[in-house]
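So, here come the structures, one by one.
Each of the next two complexes has chain A plus one other chain: chain B in the first, chain C in the second.
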Partner chain A sequence: MLDRLAIFFTSLRLTVVLLALGLVLVFWGTMAQVQIGLYQAQNEFFRSFFIYWSPVDSGWRIPIFPGGYLIGGMLLANLVVYNLRFDQERKRNLGLIAIHIGVGLLLIGQLLTDVFSTESMLHLRNGETKNYSEASSHFELAVVDKTEATTDRVIAIPQDRLQRQEEIRQADLPFSIRVHTFYNNSTLAEKEQEGFTQINATAGIGAGAWWRELPREAEMDRRDMPSGIVELLTPQGSLGSYLVSAYLNQPQVVDFNGRRYELRLRLERFYKPFQLRLVEFRHDKYPGTDIPKNFSSRVRVQRPDTGEDREVLIYMNNPLRYDGDTYYQASFDQDNQGTVLQVVHNPSWLTPYFACILVGLGLLVQFLRHLFEFATKHNAS
Partner chain B sequence: MKSFLKILPWLFLGLFATEIVVVLLPKPESKFHTAEFGRLPVLLNGRIQPFDSVARNSLLQIRSTGDVPLEEVPAWKFWQHPQKLKSTAWLLEVFFRSDVADTRPIFLIHHPDLISELKLGEKGIDKSGLRYYTFVELVPVLNEISEQGRKASSVEDAQRTTYQKQVLKLANAISLYQQLKNSIQPEGATNFVELITDYQAALPAGLAAARATQAGQKTDAVALRKLAILTQQFEIVAKYALPLTVPPIDPVNKDAWVNVGASLLHSVRDGAIQPAVSCFARIATAYRQDDVAGFNSAVAGYKNWLTPNFAREQAKGRAEFYFNQIKIFLHATIIYIFAFVLAGAALLTFAPAPQLSESLRRSAYYLIGLAFVVHTFGLIFRMVLEGRPPVTNLYSSAIFIGWGACGLGWVLERIYKIGLGSTVAGLAGFVTLLIAHNLALGGDTMEMLRAVLDTNFWLATHVVTVTLGYASTFVAGTLAMAYIILGIFTPLLSIKVGTDHDITLGNALTKMVYAIVCFATLFSFIGTVLGGIWADQSWGRFWGWDPKENGALLIVIWNSLILHARWGRLVGERGLMNLALFGNIVTAFSWFGVNMLGIGLHSYGFMDSAFKWLMLFNASQVLFILLGFLPLHRWKSFKNFTPKQSVRSN
Partner chain C sequence: MSRKLLNTLSLLKLTGILLSVGLAIGCGQDGIKVYTVSKESAPPTEMSAVPEHAAPTSGTQLKWKTPDGWQEIPPGTMRVASFKVTGADGKQADVSVIPLPGSAGGDFSNVNRWRGQVGLAPVTEEEFAKLTQPVEIAGQPGALYEAVGDSGCILAAIQHREGTVWFFKMTGDGSLVTQVKPVFVEFLKSVQFVTGETMPVAVPEVVSNGKPNWSVPTGWQEVSGGQFLVAKFVITGTGGAQAGVNVSSSASDGGGLAANVNRWRKQLGLSELTGEELAKSVQSLGPVTLVEMVGQDARTSQPAALVGAMVSQAGQMWFYKLMGEAKVVAAQKTAFIQFVQGVKY
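So, the complex of A and B:
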């Protein structure tokens, strides 16, 4: 049985079939981006085991084609088993082994990236300082204890938990939070409108306004605007139901037991042990045209615990790698007075570099060997 | 006869080499020193270029040709060269003799609905089914064109109908033309020198009057009006002029070029006219008044004035002018066609007339070598002009793919002396240069690179390797095409070739395709991974499933599929050929198709008119694959095939 499995996994026929499936998958996943956008296509086609098809109104999910993880995983198994057996049966071929290890590393690296990397954004106006970056679409409910004048204590509840619409208890909070309603995407209105219902909040901003749930956004350049109603419960009774929404610019303020709390639904934040200050953003153009020549952000890195304080220039093709994160010039404000840096945390970012070197060397060895063989044969004849 | 066949290849080589030498030699100057004017540097599209490039790229956008023919010669009289107005000569007319320029048939309209809607059916001149109109003929319908153009431009690019695209193109051409007419002097000015002298004379009184008005005092209304009328004319130039022609006075700030109008308006401050503006005024007036000596001395005067501070710009102008003049890629194309025909003839005469065949094959081989040298010369010249690695946009990728394919074909021919390598090189060179020619109709092909692309390191590594990957995949596909054509329609594949006549032509082709696929895998893989590393450096992720990245990945997957299928003996000769043919479709999708999706970070090369051609190409490749599936006894090369005798070989 094990033998037959090994034979199955060593077969070149399997490789060819998997490569053909991979070709179809990549092509399909590329074309699908026109309709559903890059992000969703990535999740449905490449970061999945199967591609599902849902007949209209049935609620079923029928797997119809292997996804990226399945094809990639099988390819990985194929090349690992092949090389293990290969070693025993045939003469060692260093070039081929290097190529296969490299390809395997690429596949594994992509998986690690999918699992471990996080991306966030850092928006800075000229002169502004921040010690956190923000998710691009994920929200969190921040409960901030503002009682002390010098420090805020923040407790953040991620969107995934709010979505479950249950009661959330936190040891640090004197109350529990019951999520009554949560819409991942929504719109608000002051007055009654067609299709809107009245917001069932009892206190704070937005009580008595109207809202409506919206389908989630598929477009790349637009984001969901979630809203929800949360009730704060203490052993002595309810502190009231509050509207929390991405639309609200001001927090909901709640006083309890002599302490002041603020509730705010905001983009999920990633705090850093240092702060970044935008010294200057530049948008250079070619003379006499509007063609951009370069975008660059001069930022100052200040780290209190080490006393580090220096300026760096982040520009196209030249990111800042710092403290396990990488900061890229991603976008800018229309008035050229602010910058948007993309912040990527990817512990496995070096794997493709190793993979590339391995495969490159392997291919070179193979290629030179063939060339040498060919030349000798050609000369002999 | 035998000795004639021996010298024939050298005759061909000598003939074409002479032609190239003649092309490269400097041309005599005309009565008006138009070439001298054409070499003068200006700033447009963010780069220094000669007037001639402005003229040529504008004409390509308006008329789809680089010159204006002055007489019509029927297409079948190909030996008659019609008199032509060269690009710079045309530009001089547009600048300074707009009355004449307005009567040149330069506006190309070929959409029948557009012609009939604008009621232009009776007008214009017809050439090979294309209709050209003069500006005078279009004057009555200008408003309608701009109105229709405005409507079309409000429709999203991908949704536009052919009619809308045409009308938009025409509207753009007209506005480009009108900009050019006001680029140096106000359109129709008969004596620009006098206009400027008047302006200088009117300045003191006019300015004094203006100050008085501001202070609420009594003013000299006549002086004020006189100045206002003059300034209005210059304002038009300042607003519409296309190239920036006046170099900066402060040589430190090298980018601060302005146009003549802006410079004149600037003179309000101190009344001083910039030397460059005075020079252009003299050039304009002399040309307008048909004063040959005056024109030539004014151009020479401006040149001398430029030399101390703008020697580099002048050198750039001269070099690019020369490059425009020699049209090196056109001449390479001609040699490629000849070499292709000769190599094809060599293949077909292989059996009946081996000596003739060898002579033709050798001719083709030499010509491919010559074409490759010419192509390389053009490629390097462009690189030096741009200061960039060879591939920076779709246009240059076509040039480079052709170059790579030609080089590979030439090497194949060196190894297997049967004419196949030359055939492939000739075909690939011709087709890619034709594609490049059509891509050039979009405008300046040496445009500046947008921020993220402004890196010579990645352009030189990732872009070059991945493009070589494209080129070699195409070469493998073209060889497969040759295999199927030769196999089905001729008995050639079973003919013994090689130094010892030890293998058949079919076997040799199989070896070639296999070797090229190996080569293609190497380059496309390395190129794709380098692209991933570039993406990691600039966007923070190695791989993002962006369409262009996926396109490159498809090529890698496909090439490695071919290799694995071959190693696993899952396919024989024909299977290998069919797989290689499909590689053409995959590569064409990656090269052009993904740009047509109009999405993703790489969508800087969007284009839609090529879609039809891409589909035709894909259909032709599918047809070849279907032919490849014909049962072997239908193949002329394998007529005597019996199932026992396998054609599989390694």
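So, the complex of A and C:
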């Protein structure tokens, strides 16, 4: 049995089949982005073990094609088992080993990037200071204990948890949160409209309003606007059911046991141990034209724990790399008074560089070895 | 080393590697985040003087010049400004200013939704582009759309600013909206955005603005009613049976008698009434117009009864609704009517 498994995983045919499936997957996933958008396509095709098909109105999910995780995982297994099985025979072939480790590192690096990297946006107006960036499309339910004078205690529940529509308990909260309904995309109305249903909230802003679930956004320049009903439950009873929604700009206040809490569904925040202040955003044009010459953001980095306080200029192809994050000039406000920086946090960003160097070195060794053998044979003959 | 042992060792090593990767991934997927942060800083100094006509939103203050003849009314939950426009012949229009984050569904979809509301057919993207009229909003370009249909008229201006879509919308009688369109355009020009980080504005649990004096009957427990309600009471009867009393108010006639009676009928799963049937269903107790109905709660599908009261007072319509299990509603009906009649506005 083990013999058969090992033979299966070391098979070159498996490699070829997996690479072919990978080609189909990339093509299919790319085309699917037109219909379902980039993020959903990434999740359904590449960040999954299978691609599923659901017959209309059946509620079934039938796997019809291997997803990115399965193909990548099998390729990695193929590579690892091959090298472990033949390590005795192949240990002298340094070039091949380097190539295989490099390819393996590429696969693992991509998986680590997928799992551990985050991308967020930092929007600053001239003179504004922030110590957090925000996700571009992923929301969180922030329950903020506002009782203390100088600090806030934040309990942030990610959208994935809200989607499960379950009861959420957290040790820092004196109440549990039961998610009754959650729509990943929705629209709200003050008054009754066709297709809308009344929101079943008993407290806060949403009581008496109307809503409707919407299909998820596929366009890159649009964003889902989630809404949900959450009930706050204490051992003494319910504190009420609240509407939480991306449409609500203001938090809702809940007082309980002498403490004040605020509820708000907001874009997921990533707090930093330092703050950035936008000193000046510049959008220079070539004289006499509207052709952009330069976009740049002069920011002040202030870090209280180290006393660091310095100015940095961020412009195209010159990002700020700081504390494990990279800040790219990404966009700006129409009135040129504000900037949008893309913040990328990727702990494994060096992995592909190492992988490519290893593959390059391995190929060089292989070619030189063959050249040397050819030259030796040629001389001998 | 035998080939078989080699295979076994290879697969064991592979299993170890995959388990390690799996564990690493599992540990990385932390769900709920808990952290302490400093309170957000106060708004910059230029924000300290909030203008008289200013509406707070997240990070932006809005100010405007109210046109002559427009009556500013308290904004609802989603609005930052709200106005009532009354024409010479008594016709009315409603003006709202609503900011929504993101693309808010897209201009094309919104315009088609508005067209549907006034009884017009949707347009294609090509036709939509032709409908767009340029307009100036706070010194920046915006888009103006006009939809005149059988059931009214909507004049809406849209501007995208810093990740927020601002909707300036006038809804009402077609002739009035067309007549005041130039005033609306001037109003858009007068709008000013004063941007900066503001402290979040706490939402009061109950709107106390304009709350009249009343004497709450015994056994009624006041609870938070949200921004759409002036007050909300919960009544628990024998055996845990429950009913609730909602109090709300609306500028002008709040849509009229028929619309509100039928709104309540719909909540009990009853068909709409018109003409004589409608007139028969209501009774007048002095200034109070009373209506009673029995049906099935549309939300819970449980049998329910409703006693509704409407009182017109100083240009405002007040709505009182007692709704819940029939036996509680029957027991509380007298107390409810006395409560409504005793309110001092």
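Here is the rule we use: the second predicted complex is superposed on the first by the 277 of 381 C-alpha atoms of A that agree within 3 Å, B and C clash if a C-alpha of one lies under 4 Å from a C-alpha of the other, contacts with A are read in each partner's own complex, and residues count from 1 in each chain.
Everything below uses one rule, namely that contacts are C-beta pairs under 8 Å (C-beta built on N, C-alpha and C of every residue); 3 or more make two chains touch, one makes a residue touch a chain.
Note that the coordinates shown come from a computational prediction; the quantities given were computed from them, not determined experimentally.
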With the two structures laid over each other on chain A, which partner does A:Leu2 touch: chain B (first), chain C (second), both, or neither? second
Just checking: does A:Arg282 make contact with chain B only, chain C only, both, or neither of them? Give me first, second, both or neither. neither
Applying the touch criterion given at the start, work out whether A:Gln170 contacts chain B, chain C, both or neither, answering first, second, both or neither. second
In the overlaid three-chain picture, which partner chain does A:Arg212 touch, first (chain B) or second (chain C), both, or neither? neither
Pick one for A:Leu188: touches chain B only (first), chain C only (second), both, or neither. second
Under the stated touch criterion, name the partner, chain B or chain C, that contacts more residues in chain A. C
Considering only the defined contacts, which chain A positions touch chain B in the complex? 11-13, 15-16, 19-20, 22-23, 26-27, 29-31, 33-34, 38, 41-42, 45-46, 106, 109-110, 113, 117, 119, 285-289, 291-295, 316-319, 326, 328, 330, 342, 344, 346, 349, 352-353, 355-356, 359-360, 363, 366-367, 370, 374, 378, 381
Chain A residues within the chain C interface of the complex: 2-3, 5-6, 9, 73, 77, 80-81, 84-85, 88, 108, 111-112, 115-116, 123, 125, 127-132, 140, 150-158, 160-161, 168, 170, 172, 187-188, 190, 192-194, 198, 200-209, 214, 219, 221-223, 225, 240, 246-253, 262, 264, 271, 333-335, 337-338
Where on chain C is chain A touching in the complex? 1, 3-4, 6-11, 13-14, 17-18, 21, 24-25, 28-29, 31-39, 41, 44, 57-59, 76-79, 99-106, 116-117, 140, 160-163, 195-197, 200-203, 205, 223-229, 232, 246, 248, 263, 299
Within the complex, chain A is touched by chain B residues 43-47, 244, 255-257, 415, 447-448, 450-452, 454-455, 458, 498-500, 502, 515, 518-519, 521-522, 525-526, 529-530, 532-534, 536-547, 550-551, 553-554, 557-558, 560-561, 564-565, 567-568, 570, 586, 589, 594, 597-600
